[in-house]
Each structure stands twice: as C-alpha cells, then as structure tokens.
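Order of writing sets the chain letters: A, B and C. Residues in each chain are counted from 1.
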Amino acid sequence: MNDPMDQPIIVLENVDKFFGAFQALKGINLTVRKRERVVVCGPSGSGKSTMIRCINRLEEHDGGRIVVDGHELTSGDKNIDAVRREVGMVFQSFNLFPHLKVIDNLMLAPRLVRKLGKAEAREQAMHLLERVRIPDQADKYPSQLSGGQQQRVAIARSLCMNPEIMLFDEPTSALDPEMISEVLDVMVDLAEDGMTMIVVSHEMGFARKVADTVVFMDAGEIIERNPPAEFFEHPKNERTKLFLSQIITH
Amino acid sequence: MSFDIALVFDSIPKMLEGIGLTLELLFLSTSIGLILAVITLLMRISGRRFLAWPAMAYIYVFRGTPILVQIFVIYYGLPQFDLIRESIFWAILREPFGCMVVALSLNAGAYVSEILRGGLLGVDRGLHEAGKALGMSTPQRFIYITTPIAVRLAIPAYSNDFISMLKATALASTVTLLDMTGVARTIVAKTFAPYEIFIAAAMIYMVMTWFIQRGFGLFERRMSRYVKP
Amino acid sequence: MGDVVGWLDDYFWAAMVVVRVFAASLVMATLLGLIGSAAKLSKIRIANGIANAYTVVFRGTPEMLVLLIIYFGSAITLTTIAQIFDPEIKFVDIPPFWAGALAIALVVGSYMTETFRGAFLGVDPGQVEAARALGLSNFQTFIYVRTPQMWRLALPNFGNHMLSLMKDTALISVIGLEEIVFVAEMATTVTLKPFTMYFIVALIYLAISTVITLTVAGLEKYANRHLESGR
C-alpha cells in the first residue's frame, strides 16, 4: 500500500504552538506521503485539531518547520493562499455559508480564487454534488439540509478547489449517529481515489478500514504512530491502551 | 472668530443653574414612565384582548411619533378644548413643566414596556417548566423566577433608554423652560458664541451620560453575579 | 375639518421635505456607521481612538444640541469667512436642510457604528476560517462572507435607528426648515386650532413610521429566507 514512489507531501519538524502560556503542541514530528491516509486520534485537548489547523495556517506555529508540498510556511507568508488552494479543509461544524444556496457555496471560491467562468464553475459543482450523492439539493439553503447532507456539501465545497490534500477536523462529531455513515462513505470513496488525507476522528472503524497510519496524540505530543493493524492489536504505550479501552467501552 | 476655551469653562457654572430642572424632568418622567411601562406590560401579556389592544395601540402611537410632536400636541394642542381647561388636570397641563413631564413619561412608558417585554421573552422556557414541576404557582413563578432574570436581561436596553430620556429633556427648551439646553440657548443669544457655550453644555450631558452608564453597569454586574464566577 | 383642508397641500409638500431630509440623512448615517464600525474593529490604534471618541460624544449629547452646534456654529464660521471678502455681509448659513440632515446623521451614525460592530462580531468566526481555508483573500471574505451575514444580524436594530432618525427630523423645524411641524405652527396662528394642526403632524409621522416598520419587516424576511426550514 505504501508505494515507495510516493514522496513526502507534508513535513512537520519539531513544531511548537503556544496559546499564551499553554503549550498546545510540543515538538511535533510527522511526515505524510502523497496518497497516504492518516487518522489522528486522542483525548480532547490533546492538540489534534491544532496540529491540522497549523497545516493550512489557520493557526500559526511558534517553533519548528512545516513544509506543505514544497512550500515552507513562515510568518508574513505571501504564498499562504497558494498553499490553502492545495489544502482542503472540512470542519466539525460544517461552516457552510448560510446566506448562499448549496450550489453557490460550491461556486464561490472557484469563481473568486480560481477565476472560473460561471458555467464552468456550475458544471464542476454539480459534478461534485453527484460525487457526494446529493445533486438534488443544489438549490436549497444549508439550513434546509440535515447535518449529514451539510457535511457532504462541505466536503464537495473543499473539493471544488481541486486540492492535493484534504484535512478533516472531527467531521462526524457534530452529527447524529444515523448520519455518520453517509459522511464516512463519501470519505472512503475519496480515500479509494487516492486523495492524501489527514483525518482527526474517533471513528475507529473508519481508521481500520482506510487508514495507512494511525497517530495517537496526548498532551500536545505524538505518543504512537503505526499502521492500524499494529495500532489496534498491539498498542505499545500505556496511554494509548487506556484511550483505546475508553473508546471501546463507550 | 476664535475658539475661546476660557469661555467654555466660565459658562459651565451658569449652565449648571439649569441642571436642577434637567434632573427633575429626568427622574420624574423615568419614575412615572416605569410605572406606566409595568402596567402596559401586564395589560399586554394578560391574554385579554380588551386589555392587550389598548396597550399595543398606546405603544404604537408613542413609538411612532417624535417626542417633540407629542410635547407640542400636549402643550399647545390640549388647551384647544374647554373640557381640558376646566378639568382638574389643568393645574398640570397649563404649565410647560407639567406638559413636559406628561409627554416624557408617556414616551418612556411605551418604550420601557417593550424593553421589559424583551427581557421577559428572553427568559428560558425550561425554567418555567422547572418551576411548575416543583409545584410553584403562576404568581410565584413570575415573582421568584421570571422577574429577576427578565430584569437582568433588560438592564442594558433600559440603560440606553434612560440616556435617551436624558437627551430628550433637552427638548424642554422648545417650550420656554430653562433646563441646561434652555440656559445655553439664552447665553448664546447674548454672547453669540455658539461653539463655546453649546460644547460646554454637551460636556455636562456627556458627564451625566457617563454616570448613568456606570451606575447601570454596576447594577447589572450585581444582578448578574450568579452568571460569572 | 374646513380649517384643515386649506392646509393639506402645505402638509403634503412639507411631508416630502421630511422624506427627503430622511433619505439624505439615512445615507450619511449608514456610511458613518460602516466606517465607524470598520474603524472600531481595525487593528489601527488611531482609528480605534477616533471611532470611540465619535460614539462617546454623539451618543452622550442631545440631538438638539448637536443640531444647534452644527447650524449656529457653521453659520458663525461661514459668516466670519465671508466677511473677510465682503465686510457688508451680515449672515451666511448652511441651508437648514443640510445642517439638519448632517446633525441627525452624526447622532444616528454613532448608534449605527455600535450596531454594525456588534453584527460583524456576531458572524460565526468559523465562517471566516472556512473562507480563508478555501483561499479567499481578506477583502473577498469581507465582501462575500462577512458583510452579507452582518446585514441580517444588524437589520432589527438598523430598523430602529431608521425610526429614530425619521423622528429626529422634527427637530429641524427649530432651525427653520419648512417641514410639517413648521407648517403646523403656521396653521395654528391662522386657525387657532393647535390640537388639530399638531395632531395631523403626529398622524403623518405615524404613517411614515408604519411604512418604515413594514419595509424593515419585509427586508428581515428576505434576509432570513435561507433560514426557513424546507421540511
């Protein structure tokens, strides 16, 4: 599965992040290769979200290096918009633009940033809505959709920018249980198409099924990093074992 | 023409001769207004049409017309009727001061009743149900649960309305009263130094506004002591 | 009734003056509110300071005083300047229409500043993050994501400010603008029916208020159309 031809596309070296006096990330090292699927898990407050938010610079790291597809992220960065175009992000709370219809949510960034024509942007948007299996909702407003449908629209909206990498920040945590699988199915499709993905999630079934690597974080550090079979069957660290037992008894 | 800073400070003591009248107007009309507001609110939420509709009409009329026009209708307009001039109210309505208090109170009553209603609507329904589940009667729930929370929610808007009332007292000068603005206007008529005198007056109003905001701010903090640790 | 009929066309034209001064003042107040709120939310210290001073001064001063300062202040300034060129000139003023519109706009603009500021802050920060994550620039985010959502939140208060602005126009009669209060004053001296004449003024204002209230309600419905549940 880990094709040796695949080059590192995301590199984090010794990354630190502080919120005031609180250190959210402590010397994080992580390399993600092209087409690799990484699932990040860990207790709340462990720095999972902060880490992936640093990758498209919604948070600025305070120490170490982050390199995304050859661009190093530095303060006062001029090419941050170029990086963001390559990195799609899906949020826990969807963050769809409530004042725009579904189709317009999908067309906004391609038209403004990629300067696509209206017809072209619409065609692409409809194509992606089909891919996330809700082309019939194109003319509704986000508030008229279920949570699962909204999250699928959010995924399609990110895909409109033709990203190389997709980041998912707890994409199913805000959903009712019966809607989780429809979102995960779309993510599985995406993984099978060879998208590079980093997914912050506690959906262990999803991790087993699609992840190449599972990363466990606690207190701002990466505690363990292994292929899923190894990770779930033979966790090495005590904290990992404790976390897994809590997740499973849940 | 030059701006005379000394004149600004010289005129402040003279202006303060009008502050008594300004404060009288403010406190009389906000007090009467508050009583009117509570009565109006109770009528509105009574669930009885013959009470709710007059209350709504009163609010609609007084919120939909300028205070200046209300003052003129009362001060210049009412004496048109013999009925008024022969009534016991004439003692109040023949004086510009009485008319001013009546107009400002009626105005405050309409606005404040809407502010209180907003506070009432902001109270979580769940608290009502919790009170009911504990076996509290309707009046008990209204007095011990709804009112304290509604009052807290209404304070910021009420504070703003209080400041609007202060600013509205300046209209007293249009019906010959010598409140602070009235005094300022007479001084300007003599000295013809509008910048200095009016800015001095504005400064006094700003200080009063500051005290009102501060006062309500402290009150709100006291009422909210259970919200934040 | 006979007394009223003769004055109806005066009231009508005066009401048109009210509508015009309202429109002029509303445009100015909205611009002041947008600029003021942008200044308050900016990271530039001087802009914060000026905007804060602006709102403190104009929210703390009676409209009447602002009007008197603008009108008589500008008149005395203009007269002094004019006398430099021609000592014969006795009095120059800004037309009461514009002095009044400006004075009211300054006051209401200070309230709008606070309303717009609150509304901008009320837009979910996740919206800005989503826009940034899609690669939209700060400016594009402001125009296409923040402002359209800010409007919806600002509308109820904006409607109230429109009503106060409209009612404040009555003050301009004090500096001699020939609007409806002014007409009532004239009519009273002729007919000796003050109640009737001022009552008509109240009715006209009530009618304009109603139109504004209904318009704002319609706008709110339009602005919230995306929140109506489809199911």
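Note that in this section a residue touches a chain if its C-beta (ideal position, glycine included) is under 8 Å from a C-beta of that chain, and two chains touch if they have at least 3 such contacts.
Predicted model, so just to flag it, every value in this text is computed and none were measured.
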If you walk touching chains, what's the least steps from subunit A to subunit B? 2
Which chain wins if you rank chains by how close their C-alpha centre is to the centre of all protein C-alpha atoms? C
Looking only at C-beta pairs in contact, point me to the busier pair out of B-C and A-C. B-C
Chain centre separation (subunit A, subunit B; CA means) in Å: 55
Centroid distance [mean C-alpha coordinates] between subunit C and subunit B, Å: 21
Roughly how far is subunit A from subunit C, going centre to centre by Cα mean, in whole Å? 47
Can you list the subunit C residues touching subunit B in their complex? 56-57, 59-66, 68-69, 72-73, 75-77, 80, 163, 167-171, 173-174, 181, 184, 188, 192-199, 201-202, 205-206, 209-210, 213
Subunit C-facing residues of subunit B, complex: 1, 60-61, 63-70, 72-73, 76-81, 163, 166-171, 173-174, 181, 184-185, 188, 192, 194-195, 198-199, 201-202, 205-206, 209-210
Which bits of subunit A are touching subunit C when the two form their complex? 56, 58, 81, 84-85, 87-89, 91, 93, 95-101, 108-109, 112-113, 140-144, 154, 157-158, 161
Applying the document's contact rule, which stretches of subunit C touch subunit A when the two form their complex? 124, 126-127, 129-137, 140, 144-145, 148-149, 152, 225-231
